[in-house]
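Chain nomenclature is as follows: A, B, C and D, assigned in order of appearance, with residue numbering initiated at 1 for each chain independently.
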Amino acid sequence: MGNIFGKLFTISTWGESHGPGVGVTIDGCPPGLPITSEEIQVELDRRRPGQSDIVTPRKEEDKVEIWSGIFEGKTTGTPITLIVRNADQRSGAYDEMRDKFRPSHADFTYQQKFGLRDHRGGGRSSARETVGRVAAGAIAKKILMSSQGAASGVEIRAFLTQVHDIVAPAEALAGFPTLAEVEATPVRCPHLPTAEKMIERIKAVRSEGDSVGGVIECRVRGVPAGWGEPVFDRLEADLAKAMLSLPATKGFEIGSGFAGARLRGSEHNDAFENRDGQVRTATNRSGGVQGGISNGEEIVFRVAFKPTATILQLQATVDKTGAATELMGRGRHDPCVVPRAVPIVEAMTALVLLDHWLRQSAQCGTFKF
Amino acid sequence: MGNIFGKLFTISTWGESHGPGVGVTIDGCPPGLPITSEEIQVELDRRRPGQSDIVTPRKEEDKVEIWSGIFEGKTTGTPITLIVRNADQRSGAYDEMRDKFRPSHADFTYQQKFGLRDHRGGGRSSARETVGRVAAGAIAKKILMSSQGAASGVEIRAFLTQVHDIVAPAEALAGFPTLAEVEATPVRCPHLPTAEKMIERIKAVRSEGDSVGGVIECRVRGVPAGWGEPVFDRLEADLAKAMLSLPATKGFEIGSGFAGARLRGSEHNDAFENRDGQVRTATNRSGGVQGGISNGEEIVFRVAFKPTATILQLQATVDKTGAATELMGRGRHDPCVVPRAVPIVEAMTALVLLDHWLRQSAQCGTFKF
Amino acid sequence: MGNIFGKLFTISTWGESHGPGVGVTIDGCPPGLPITSEEIQVELDRRRPGQSDIVTPRKEEDKVEIWSGIFEGKTTGTPITLIVRNADQRSGAYDEMRDKFRPSHADFTYQQKFGLRDHRGGGRSSARETVGRVAAGAIAKKILMSSQGAASGVEIRAFLTQVHDIVAPAEALAGFPTLAEVEATPVRCPHLPTAEKMIERIKAVRSEGDSVGGVIECRVRGVPAGWGEPVFDRLEADLAKAMLSLPATKGFEIGSGFAGARLRGSEHNDAFENRDGQVRTATNRSGGVQGGISNGEEIVFRVAFKPTATILQLQATVDKTGAATELMGRGRHDPCVVPRAVPIVEAMTALVLLDHWLRQSAQCGTFKF
Amino acid sequence: MGNIFGKLFTISTWGESHGPGVGVTIDGCPPGLPITSEEIQVELDRRRPGQSDIVTPRKEEDKVEIWSGIFEGKTTGTPITLIVRNADQRSGAYDEMRDKFRPSHADFTYQQKFGLRDHRGGGRSSARETVGRVAAGAIAKKILMSSQGAASGVEIRAFLTQVHDIVAPAEALAGFPTLAEVEATPVRCPHLPTAEKMIERIKAVRSEGDSVGGVIECRVRGVPAGWGEPVFDRLEADLAKAMLSLPATKGFEIGSGFAGARLRGSEHNDAFENRDGQVRTATNRSGGVQGGISNGEEIVFRVAFKPTATILQLQATVDKTGAATELMGRGRHDPCVVPRAVPIVEAMTALVLLDHWLRQSAQCGTFKF
C-alpha cells in the first residue's frame, strides 16, 4: 500500500524498473480539458534519461500512451491511464543485486519488508516510478496554468540552487526565473555562471566514479490566498510529504526554513501592507503560506537531495545470508540526479496544488449562504 | 477538511483556543491496552502552559477527560474520545484581533479562506489544537513502548539542539539522551551547558518583547526494518508531513539532511555490515530510512521552528478593510515555542510510527503463503 | 476503525450507550452557514426515546451541546463537535449481559472481535450511537434545503410503509408526503388508516413481550442530474452502505428494487421525454439514479428493518464460557425501532447527498475550459 | 473520482468499452502469493462474452496481461497491474448513441455530469469496466482460499436463484452448492430443473428482442467471527455498497432481508448454542453478520438485477438537444446479464472480505497486551 496520492485529484502509480512498463491512473480529473499526448511528452522528455551529457546515457524514449479517460482530445472526467513502456532493459547487469544489498539503496529494506523483491534495477524502488508522477503532473500543470488564463494562471518553476558545495548566489535568483532560463543548460540552474560550474563539477565527479547531491528550489506564483487544509493537511505539510516521497530526498524547508530558526520574531515577521489595493506582505519569510494556508505571496520551498547511491567504486556490503562481501557499482547512472529531478519536483507540486484547489473549491466555493 | 490524520490509527481533532474545549477522537486503537488518564496527563503536562518560567504564564491545567472507548481501564477497540476543557479565557484581550491581522499569524489566511473566523486567540489556528495530538500520541507511545516489552520497545526522544544561534555541539548529543536528561531543564536540551545558554537567551529576548526560533531533533530506537509504505507513504514522507503540520514549523530533514547535499556518494553511503549476526549499517547518514522504509537503525530527524509570531512590539499591519494600521502585541505568550513543542513532536512521531506498524502488520504480517 | 463516514463532509462518531455521552465531529462543513443548537435539536427530538407511547419509555432529553466550529451563530469551516450527554443510565440492569450473549445482538461478535467489550446497554453497538449521525445530518439537511432556497432545495422525506405484515397501499403514498403528514402519528406512516393499524399492532406485540420489524421508504426531490461517482461510489452504492450501516437493517432497494428483477426490459425501461423543456423520464423505475448518477427524478429507496432483538421473553443462549444458559429480556426497549429510525434514515441520506454534491462540485464545477 | 475501492487491499480501475483496454491496479496485496495469469484468466473466462448461447455473442477473448507487481510467479507487495485489451470494437454501431440517450442507460447522466462523454458502447459506464474487478477479485479469492489451507479457507459461491419470475425452490438450495453444480449450466443456477426453465425463458425473451432481470444469491463459508468495522464500515454495509456499485443492480438484502421485516423478534432471533465446542447460532436469519461483524456462520446475501436496458425494440427517447426521437436497439447484448454477473458478485465479495480481514488483522491481531 502507499501507492496512491491525492484526495480529489488522485493518482495511483505502478510499475517496476525492468517490468513491461510503468504507469499512472488519475481519478478525479475535471472533464473537458483539452490535452494531447504531446503535451504530456514535453514533461517526460525533461525527465528522460539520455537527454544530455551529464545524465545517465540509458536510451529510453519514454513515449507516453493514453489508454483511457481522454476522448476526442478532451478529458472525460473518468480515470485517465497513461503508460510508458520500459525499454533498453539490461536485466543481466543486475544479477549481482539478486543477492547483494547495494549500500544506501532500498534493496535491504524491500527484502526485509516484503520477504522478496524484484531486484532488477531496484524494481519498484527505482526512480523510474516517477515517470507516472511526471505524466500526471503534466495534466495538473496544464489545469493550473490554463484555467485562469496564462497571465493569471498558477506557474510552477523549479531549478537547482546547489550542486555539491557550489551554491548559486541568492541575489542571482531574486526574480522568478523563466522556463527558458532554467532549461538553458542541462543542469537547470538559471544562473549561467553557477550552472557552468555545476556541470564541470558533475563531470569531474563522474570521471572519478563518484556522485554528488544538490538542492532544488521551487517557486510558485499565481496561487490565491486560501489554499491549504489545516490542521493536518496544511499546504506546506502536503508539499513536504510530496517532496520527501521522492527518491533521494533528505530535507524540505519553506520560506525562511532552517535559517528562520536563527532569527528573532521582530526580524522574521512579514508585515502586512496594502499594495495596489491588495493585502500583501512586505517580506516573504513565510514562503507564501501562513497557518497552513496560502496567503497570495509566492510559494517558495527547497528540497535537499543526497548524492546518487550508485557509484562506480568498490563498496563493502553484505549479501542475503548476512555474509560480508563487496559490490562494484556498474551500469549507466546519473552522477547527480538533481537536474532530472526538476520536472519531478514541479509535477508533485502541481499535484498537491491542484488537489488543494479542488478541496478549497468544494468546501468554500460550493455554497453561498 | 484536513482535521483527520492517519490511515489505521486515525485521529480526528477539533476545538478552538477560546471555545469550551479541545479534543480528539481516535479510531482504530487496538483493544485491550491498559491506559489511565494519568498516563495521558503526563504528556499533556509536558505541553502545558505555565510549566516553567520560560514559557507563557497562562494558567491552564489541561486536565484530560476520557469520554469513550476505555472501559474498566482498558481500550475496547471503539473510538476513544479525549477532551480538555479550556480555562483562563481572556477573550477580551483579543478584541483588537477581530479586525486586524497579526503579522505572520493565520488571521489573514483564515479570513480569506473561510470568509469569517473565530478571532479569539487564533481560534482553530492556535497551537492549542495540539492538545488533542499530544493526548492521542500518549496512547500511541504506550503501545509502541509496551507492546514489545520495555527493553525492546520503540522509544522516541525529542529534544532541542538549537535556540536562536545557540547550537548544541554535535558530540554532546552523540548518544540517545534519557528522558531525565531532556527534562532536566525547562528548555529540554539534554546538554546542560547549552541548555543554560538557551534559557538565558530566551529570557533576554523576552525582556525585549521579542521571540526566537529553534530546532528540535527527534530520535527513535527500536523500530525494526520494514516500516514505511513507498512510493508515496514513505516513512520519512509521513514524518515530514506530520512535522510540517505543526504550527510554526518551517523545515524538516532526516539523516544527513541538507548537509547531505554537500557530500559525495562515496562519503554519504552507509556501508552494510554484519554486526552481532544482524545486518546493520556502519554509519547512519540515511537516518534510519532507506527507500522510504525503516532499516533498523536509529531514526533521526530535525525540525525547524520559526520565532513566535506574537511579539510585544508595535508592528505594521492592515485591518479587514485593507487599511494600514498598527498592532501592539500583548497577552501571555511563549518567547520561544520550541521547548513546549518537544512532546508534540514526540506525539506526532508516535502517531506516524504506530500507523505504519499497523499497515506493515496488515499487508506483510497477516498471511504466510 | 470504521467510525468515520464521508469523503468531503466527513463525520467521526464516538460514544457508548452508558458512557458519559455520545458525539460527532464534522470535518469539511462549508463556512458561513447560520445554524443553532435548536435546529439540530429538532431532529434529535424526532429520534429521542420517550417521545410517544409506542417507543421505549427511557427518559433521555438528548440535549445537544456545540463544542466547536460554530462562532457567533455561523459555521466557521473548522471541525464542528456536537455532544449529547447520556442520562438515565441504569447500568445495573445490564449486569447479566456481562457474561451472557443476547441473541441477535452484537454482544458475541464484539467479544470475539475485540476480546473484551463494554457490555452496558450494548456499549458502542447500541443504536444510541446514531445520535451523532442525526445531529450531523441536521446540519447537512439544512445545507441541502437552504442553499438553493426553500422552493428548489433538496428535500428528504422518509416514512414507514410497513410494520410487520401491515403494508401501506402503494396508491396511498403516490405523492411526496409532507413532514406534517409523516409526523401526524408517532409511527410516522403518512397514510393515516395504515398508521393506526401499525400503532395497534405495535402495542399488541409489545403486550406480548415481543417485537416487530418494518420497512422505511425514503424519497428525495430537488436533486439535480449529475450527483454520484461511478464506478464504485455510485450514488445508490453509497446510499446502500449508509442504510446497511444502521443497526437492525437487513435490506436496501432503489427504484424497482427486487420487484424489478421480475420485469422485462420493455416494461422496466424509463423512456426519456421532453417535459416543460427539460429531459425527464416518463416513469421512474430507476429510482432517480442511472449509471450511479442522479438523473433529476425523485430518488426513491426502501430499507428493511428486522424486529428488535431485545424481547421480554426467555431465550436460549450461551455465556462467555460457551455454556448453555437462558436470558430473560428486561428493561425499556422499543417494540419496533422503525418509527424512531425515520430521522436517522433521513440524516444518513442527507450526509450521502451533501458529500456527493461537494464531490460533484469539486470535479465538475471548479473549472471551465 | 469514485474509481478506487478498498482501504487496505485497494483497487483502482480504469478503461472504457471502446478504448484500447481496461485494467486494474491493486495496491496493498500481501507479498509472496504464488499466482499465475492462468488463475486470473479462469475467473475472466466466467465473465467473458460469448461463453454460451444465452449471453452476448461478442467475441472478446479478454486475455489478462500482468504488467507489474508479480515477479518470478509471486506477488511482491508492490502494485499489481492487470490489463485486458479491448477487441472486436465495432464503434460504428454506436454512432447513433452520440446524440441520442438510450433509455435506462447512463448516457444522459454522464452527459449531464461531465458535459461530454465517450458514447461508444457506453464508455466508462459499460459493464466492461467490471473486467478489472474480476481480475483483482481472482487474486483476493486465492488469498481467501489458500491462506488457511483449502479445507478451512474462505469459500465464496454465488449463483442464480431467480430469472424473471422463475424462482428456484428454497429447499433445492439448502446446502452450499459446489462450483461444479453452479457451472453445470450457462445460467449458473445449481438447481438443474430451475436452470433449464431459466435458459428457456432467456431464449424466449431474446427472440422477442426483450430482456429479463434476476436475483443472485451469494454464500460465504469459512469466515471466522470478528470481521467487520462498525459503526459505518459494517461488513454488510460494505457488501451492500460493493453490490450496488455493480451495473444493473437494484437491491441488496442479507439474511432474512426484506422478509425479515414481516417477522416477530421471537421468530427472527438466532438463539446461541454450543455446537461441538463452538458458539454457534441455531438458525441464521442474521445472515452471518451481527452488529456489523461476522459471527462465524455462513454469510448469505442476495442481489437484485434489473432487466438489461438494451432491447432490440423501438423506444421513445430524446436527443442531446432535448428533441423527442426514437431509438432502435441493435448490436449484440445479453438478454439477461445475471449469469455473467455471478463471477463479478463473487469478485466483489472477495475484495470486501479480504479488505476486512486485513483491517481486523491490523487492529486486533498486531498486539497482545
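By our rule, a contact is a pair of C-beta atoms (placed from the backbone, for glycine too) under 8 Å apart; a residue touches a chain by one contact, two chains touch by 3 or more.
None of the values given here were measured: they were computed from a predicted structure.
A.B. asks: Where each step is a move between two chains that touch, what is the least number of such steps from chain A to chain C?
C.D. replies: The least step count works out to 1.
A.B. asks: Where the centre means the average of the CA atoms, what chain is farthest from chain C?
C.D. replies: Between chain C and the rest, the longest centre separation is with A.
A.B. asks: Which pair, A-D or C-D, has more C-beta contacts?
C.D. replies: C-D
A.B. asks: Just the number, please: Cα centre separation of chain B and chain D in whole Å.
C.D. replies: 45
A.B. asks: Could you give the separation in Å between the centres of chain C and chain D, each centre being the mean of its C-alpha atoms?
C.D. replies: Between these chains, centre-to-centre, one finds 26 Å.
A.B. asks: How many angstrom between the C-alpha centroids of chain D and chain A?
C.D. replies: 39
A.B. asks: Send over the residues of chain D in touch with two or more other chains.
C.D. replies: As it turns out, chain D has residues touching two or more other chains at 1-4, 8, 13, 28, 31-32, 74, 77, 113-115, 124, 359, 363-364.
A.B. asks: Any idea which chain D residues touch chain A in the complex?
C.D. replies: Going through chain D, the ones touching chain A are 1-4, 8, 10, 12-16, 19-23, 25, 27-28, 31-32, 65, 67-69, 71, 74, 76-81, 113-118, 123-124.
A.B. asks: Quick check: in the complex, which residue numbers of chain D touch chain C?
C.D. replies: Residue list for chain D touching chain C: 1-5, 13, 101, 103-106, 108-110, 112-115, 124-125, 129, 162, 164-165, 205, 210-215, 224-234, 236-245, 247, 249-258, 260-274, 277-279, 281-282, 285-287, 289-296, 304-311, 313, 315-318, 322-324, 359-360, 363-364.
A.B. asks: Which residues of chain D touch chain B in their complex?
C.D. replies: 7-8, 28-34, 74, 77, 143, 146-147, 357-359, 361-369
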